[in-house]
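Two complexes, one shared chain (chain A), two partners (chain B, chain C).
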Partner chain A sequence: MNHSIPSVDHRVSVWCRKLYVLTIKEFLQLFRDIILMVFIVYAFTLDIYLAGSGVSLQLNQASTVVIDNDHSAASRELIHRFRPPYFHLDKEIASGRKGIAQLDKGDEMMVLDIPPRFQEKLLNGEQTTVQMQVDTTNTVLGLLATSYGENIVGRFGLEAGLSRAGLSSDVLNTAPNIVDAHRIWFNPNQQDSWFMSVTEMLTIISLFAILLPAAAMAREKEKGTVEQLLVSPLTPFQIMFPKVLAMTLVILAGTAVSLFGVLELIFHVPVQGSLALFFAVTTLYIFTSAGIGLFIATIARNLAQVGMLTILVFAPMIFLSGAWTPPEAMPVWMRFLMGLSPLHYFTDACLGILLKGAGMSIIWDSVAGIMVVGGAAFCLGLWRFTRQFD
Partner chain B sequence: MKRMMNMNRFINIRRIWAVASKEWLEIVRDRLFFALSFIVPVVLMLLFGFGLSFDVENLPFAIIDRDNSALSRDYAFQYINSRYFDFKGYAFDQRDLDPLLTDNKLRMFIVIPEHFQKQLLNGRPVTVQTHIDGTYPFRANTAKGYVSAINHSFSMSLMTGHFSKRYGLRPDNVQTILQPVKLGVRYLYNQSLNSIWSVAPKLIMAILLISPPFLTALGVVREKESGSIYNIYASTVSRLEFLIGKLSPYVLISSINAVLLFVFARFLYGAPFKGDLLFFALATVLYVICTTGIGLVVSVFAKTQVAAMIVSAIVTVVPAALYSGVIIPIPSLSEYAQVAAHLLPAMYYTQIVLGSFLKGVGLAALWPDVLILGIYAVILFLAGYLLFTKRPRA
Partner chain C sequence: MGCAAVVKESGRSPKAAVSVARISGFVKKYRQNVAVRNLDLEIHAGEIYGLIGPDGAGKSSLIKAMAGVLSFDQGTVNLFGTNIDSEKSAEIVKPRIGFMPQGLGLNLYPNLSVEENINFFASLRLVPADELARRKQKLLSVTRLDRFKDRPMKNLSGGMKQKLGLVCTLIHEPELIILDEPTTGVDPVSRRDFWSILTDLLREQGITALISTAYMDEATRFHRMSLMFEGEVMAKGEPDDILNLVPGTVVSLHADPQARAVSRLKEQFLQVESLGSTLRVFVENKLPNAAVQAVVAALDGIGIKDIQPAAPELEDVFVALLHQRHLTDDAPDCPQDSLSGPAALQPVTLKPESLNPDALESDIAIKAEALTKNFGDFCAVDKISFCVRQGEIFGLLGANGAGKTTAIKILNGILTPTSGYGQVAGVDMRCAGKDIKNRIGYMSQLFSLYQDLTVVENIRLYSGIYGLSRRETRERIAWVIHMAGLSGYEKKLAGRLPMGVGQRLALGCALVHRPRILFLDEPTSGVDPVGRRRFWDILFKLSREDGVTIMLTTHYMSESEHCDRLALMYAGRIVADASPLEMKEALKNDAGHLLSVLTGQPLVALKQLEKSGFDGVALFSKRIHLLSKDPGAAEKTIRSVLGRGRIDVVDIAERPLSMEDVFVYRVLELEKGEKGLEA
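Take a look at the complex of A and B:
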């Protein structure tokens, strides 16, 4: 019989086997919750598809009604310049009061009101004013509608004025003016779907990265199976690490599915940067976010508390990610809070890699941010978790 | 007496009361959960209210001035003085700026070409290149709008001077040639364009869509997962009594939250309330019953609390943000999304919230929305009632 101390090799292999067995256990537990699996698949495919395809933050066929008090060639000419893609002429109505009523109901977004004697004034060289009433309950679109409307009316007026003065619009080529030339970088056609689908994917990754480990841990507590783990010859790290590992692999698989299956295939998001870098950063992020989840699990005594705490952490994280409100539009104290949201760094890094083709030389500060903030959360989670075993 | 008993077989107030008070005690005794059920909505309201801003302001930008003349500096000042832009400095080489655009340090830069002044003084048009970061499409769009407005007004002043010199006209006469039609814009419902006024009421809608289903789903599935639901299966409590009793504490909590959110919107953010308070209160309770019903249906399907959380998060959070008219008005959605929007109660309640807060309309204009919410509540509860069974298959 051999009573000698087990060799280092042997200890390492036992250590690895323990990890392996526990990781398999986590996988099984996850896969057997059918509803949960269905929704993980849904979240990484259909949900991202819906977010990317359903939403446009651009002025798209704003429904417009017209009050034409002039009924002249000039007024018709102007009205017909309010056309798709920005505007959609719904109908003509007789009175202003009716237009307001339609705006009240939320059926229409804009009322265009052409004054009487519009053409006559134009021909006489008098100034005239066209009224536009815009529903600005949605500020962004209200402002866009105004800005496009001003362009249309300005252009129309300029042409009408020049032709009355007997000048062709060619004089503009020999007049001092500034010609606008835009170059929109990284998304030349301004496809909302690119931005929307990428940010939605990052949101889903974050949700699962926090919630799955937190819930897995809290469930062991609630069911009492944690007692079995405690009496087993396992270190706290060996109990915790397989959970994080299993969840990370599942989330990474989901990420791959949505990146290749939805983002590239359906929305034609041009992946500009290095995929290896993207997956490396994502893995780092999932790992460190799991630390937040574990931290939550150490505070909560049951799953219901985990749920509420997760929302409490997760919603501010999304909000402070900078995807919806950029740092420059935030009050100063909010900008400091943004520095605490790992999702903020992750969003910067991923949009950088995927859409802008940024390499490590540009996103290194974001990666450092994930490491510092996420690493701190992870250590805190691990520390509190280990303490529970004492 | 006997007939009374028969009637009581279906709905017995005392049994409902018993279930409700049991649930209430369970919630209150879990002190952390009880506290969080109020803290979470309030925190969301504070965060989103103070920080969610769609105003595009302080865009960091730089200028490359290849002309470096009096006129080009004058032109540059139009941007530098604008509150929409945040001037980061002049640069000499575009290659210095490209990486800054990639790195989010700049959102835009402008290249003023050589001979800018000479060309303009000679009466020739000049093309100015603007490079805009398009990663966030709606912000790029808004920035584009600002740029063309600045270019337009600068061009107009140049041309007024030019034409009056060339044709010997008075400057105001030139103006009527160049701008015979003015656009008078009236912003309705939100005259000051104060974003928070339009956002705060909609936040009430979004938060009341997210939090009640979460609470409810967790509450019901908890009994399933812990096994205490077998007490219910074996008891004389009917399905309907159980569901009503079980859900009423959550409706109560969410209604209290609604009051809190209203107070925040009205007094912290100063959003005007022009409608009828009683009508709004009743419609809100109806909406809360709807969203609680969503939680009920979720909980019938989910077997574990993890699943219940994920399902309710995905079913409610995404639509709350995207399809309820918070960020974009419903007509601007794609067809798919429009269908999704019409299937959710949030859209109808958005009309009610906006109508009551900003537009000052009441039941007369909003009755269809109230009716749909009512139908919605009935369908959800019917679905929950039919799907919930006291005889689960093993």
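Take a look at the complex of A and C:
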């Protein structure tokens, strides 16, 4: 080599120029991929809207049938305590067998069976039984229906007992007992849409943070252009970084759209914490999750394989994120695995910032978790990249 | 079989010909793109009909429509008297035809063994068990696959896959077989083997065949053929008839200085090619002597050596036909000024034609020493050694899977060798830094363009990757567009460009940083002859005027003659390494001259000549080729042998040896030697 060593300034400007053209290239390629663009737009708008407005974890209009063998004032009174919004009385049927059949078919969620001589026994102070059969295929809803039902029946029994003793039900309020003074923080009306839409947004961010860089890299492999990059004076980092940079910017834009356009505008999610902190954490998270995507791309040979591997990695990441089940409720070994899911830290941090107004002093451990786990994934991707061709 | 026709030895008289397939006014469109335009075709019973044309000529569309697996827009396709106009009618004729789609073994099941594959196809066609056993035994022994009966198909070589494909296509004894590019990507030895098996079987069973190919040099294998280009038939008839469409003579010569001779000749003649140091000129409408005189006159004042006339080949005629119809793209010719432009980063150190054999160590641009690459148990490249001098065009020639691509990828640093040593511009590629990467250019097999970026965006991207400044980038964009004839295409997406144009853009992108060494991996596969020739013109200029060292791979035997030096690769090894001319000379010394014998009864003559002990006897349509060290004596022997059999000899002529002849001979020799060692 006979030419002089270029100055540092020159080297930096060449470096920046390479970064610039490669990032622009990623944008052009992405924007010209109509199908992927439609998917991105859908995911950051309509999908989050659907999740926020459609999915609910509350007991709502549970369809109930009644077998009333007594037809008395008391039985009617009890039946009518199963009311909307929690329960919906469908109809009365004659036999228990028919009720079971309807549970089996999934037409009804609950069968309420009132025995003969229900009122008579109540008035006589004898013991009587009310049977509830609940479909708990969906455990959450089943559990809610059972406990609400128990509550209703128990209360009815108590009132019946009091009135037989000649006391009005007001006695309950004056009797000495413990006052349950609970305060509902962060989501006073307990709206599912807040939690659901935020969680869905975080899920979508994670999905694209993995999928987009992986797809961009796999496309280069499939078309053979990656070889062209390998023989050119670019380091593996210079090849991978522009992809991550471009995809991060795209995902951040999508996040802004769904945060301001869907979450705030439609669901009125009150953003409690600092927006700057939220975007900073999100940027860090996307950057580091991209490492998982790049790692996938080093294993996959084409786009289809990238799709499958993404699902393979992504499904456990969601289960282990802690968004659906708190870590304490999981078996010990799974709790350990949760520590490996960057989405777990991300969910913690973002729910903290957005809904609880947490600052860095509270979420610093989650941010550290993102850094460690994501950074490891990124390094792994970078390390695999140079070795994948042999 | 009802209407099985036996091939008549004395050629087919038109009256006796029974039509097996008749196609008229055939049109196939893919959305707006017309793939085949108004095509007429008639295939007679017992003949081998060829469809010849480059990729995108519409061969596969026609073939698929005939096999009943593709609908078409206009016209009629009539097979055995049945109009193929619906799925139902296609089902009627399907038992009588056999179809083998394009691609090595793509219709076979990789995880099934050879025998299981055959059984599967037989059961699809409801072949009775005893019939199957008989046919299977015969076909396996003819194709010499019987030893590999239990081997999974995926472990067969390309040539063997194609033979198995053929067996599966023939297992239900069809009357017409339709083969889509059966020899593409198959090595020349297997290719010759495939053709001889095919012609034997067809002849014996009276089967009619429609075969497509992109190799112009396979034309002589056909009885009749259609020459296709961009959905249209350019010419049809017997091979000799097509050659006669554009009468003329090919003149080959050595000239010094070569570059000046080329530009002089181009002023007068449409087809001028540089094959290494040889120039090849097609002089239309002139007999040999007149043609030589015309060329000599055009080169007044330039030193000429070894001037020789020869008969034109099909490719010359094809290109001439394209010129006549103005179907060649009219982009400006290569610029006459230096290709590197005024601001070349590195000084040009090479003087053209300075390729003396005792070059100094510093003159060596690329060097490989016992380079080996294993992928698991498979040895892709097996101890290859060669060196390439600066400014030389060096070709690696071999079939698919011979290890060419692996060799090139080791040298430009994408793969690390298992053992051995590769050096580029004096530096070991394993630890090559950025400086060395700035001095090499690479164009990979798939043209390595970003299909969803436009022409200009692609060039700009590569300029940026090599760290060119904005000003330099502007200059180089203009240069690439001019050099590659891309004006008018600037805003088009690279994925929408015609093959030949895309290929030149890829070359431009590989040259954007003015590399001193250029690696090209199968740069011309799938490009039509005109596009290929233009591409070679550019490479020639780069090498001769700018001293760029070029190393490329190709599986086109005919194309390899453009190289200054060649290495023949077979199964990961280098079989021979010399200039094309030297290789042919060596073959002449070792094996002899190539004689082409034209007789009235080629099939009988073939048997008799084989029996009388000639080397390399093979049938090409009506002509028989054979090798002999003493042409004079051989001619006498041939005449006497054939005279005894009462066969009239129409013509015996010596033909120039082709690279394919060299390749086949060297590989067979190598295999013979190895068998000797094993024994």
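To be clear about the criterion, the second predicted complex is superposed on the first by the 376 of 390 C-alpha atoms of A that agree within 3 Å, B and C clash if a C-alpha of one lies under 4 Å from a C-alpha of the other, contacts with A are read in each partner's own complex, and residues count from 1 in each chain.
One rule holds in what follows: contacts are C-beta pairs under 8 Å (C-beta built on N, C-alpha and C of every residue); 3 or more make two chains touch, one makes a residue touch a chain.
Please read all numbers here as calculations on a predicted model, not as lab measurements.
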Looking only at contacts as defined up top, I'd like to know whether chain B or chain C touches more of chain A.
B
Answer with first, second, both or neither: which of chain B and chain C does A:33 touch in the superposed model?
both
Quick one: is A:264 in contact with chain B, with chain C, with both, or with neither? Answer first, second, both or neither.
neither
Mind working out whether A:356 is in touch with chain B, chain C, both or neither, as first, second, both or neither?
first
Touching partner for A:227 - first (chain B), second (chain C), both, neither:
second
For chain A, give the residues common to its interface with chain B and its interface with chain C.
33
Listed in rising order, the residues of chain B that touch chain A in the complex are 30, 32-33, 36-37, 39-40, 43-44, 47-48, 50-60, 75, 86, 99, 101-104, 107, 119-142, 144-145, 147-149, 151-152, 154-155, 158-159, 162-163, 175-190, 193, 195, 198, 210-211, 214, 218-219, 222, 225-226, 301-307, 309-311, 313-314, 318, 322-323, 325, 327-329, 331-334, 336-337, 340, 351, 354-355, 358-359, 361, 365
Residue set of chain C touching chain A in the complex reads 345, 409, 412-416, 434-435, 437-438, 440, 442, 444-453, 457, 460-467, 469, 493, 509, 519
Contact footprint of chain C on chain A as seen in their complex
1, 3, 14, 17-18, 20-22, 25, 28-29, 32-33, 223-225, 227-234, 389-390
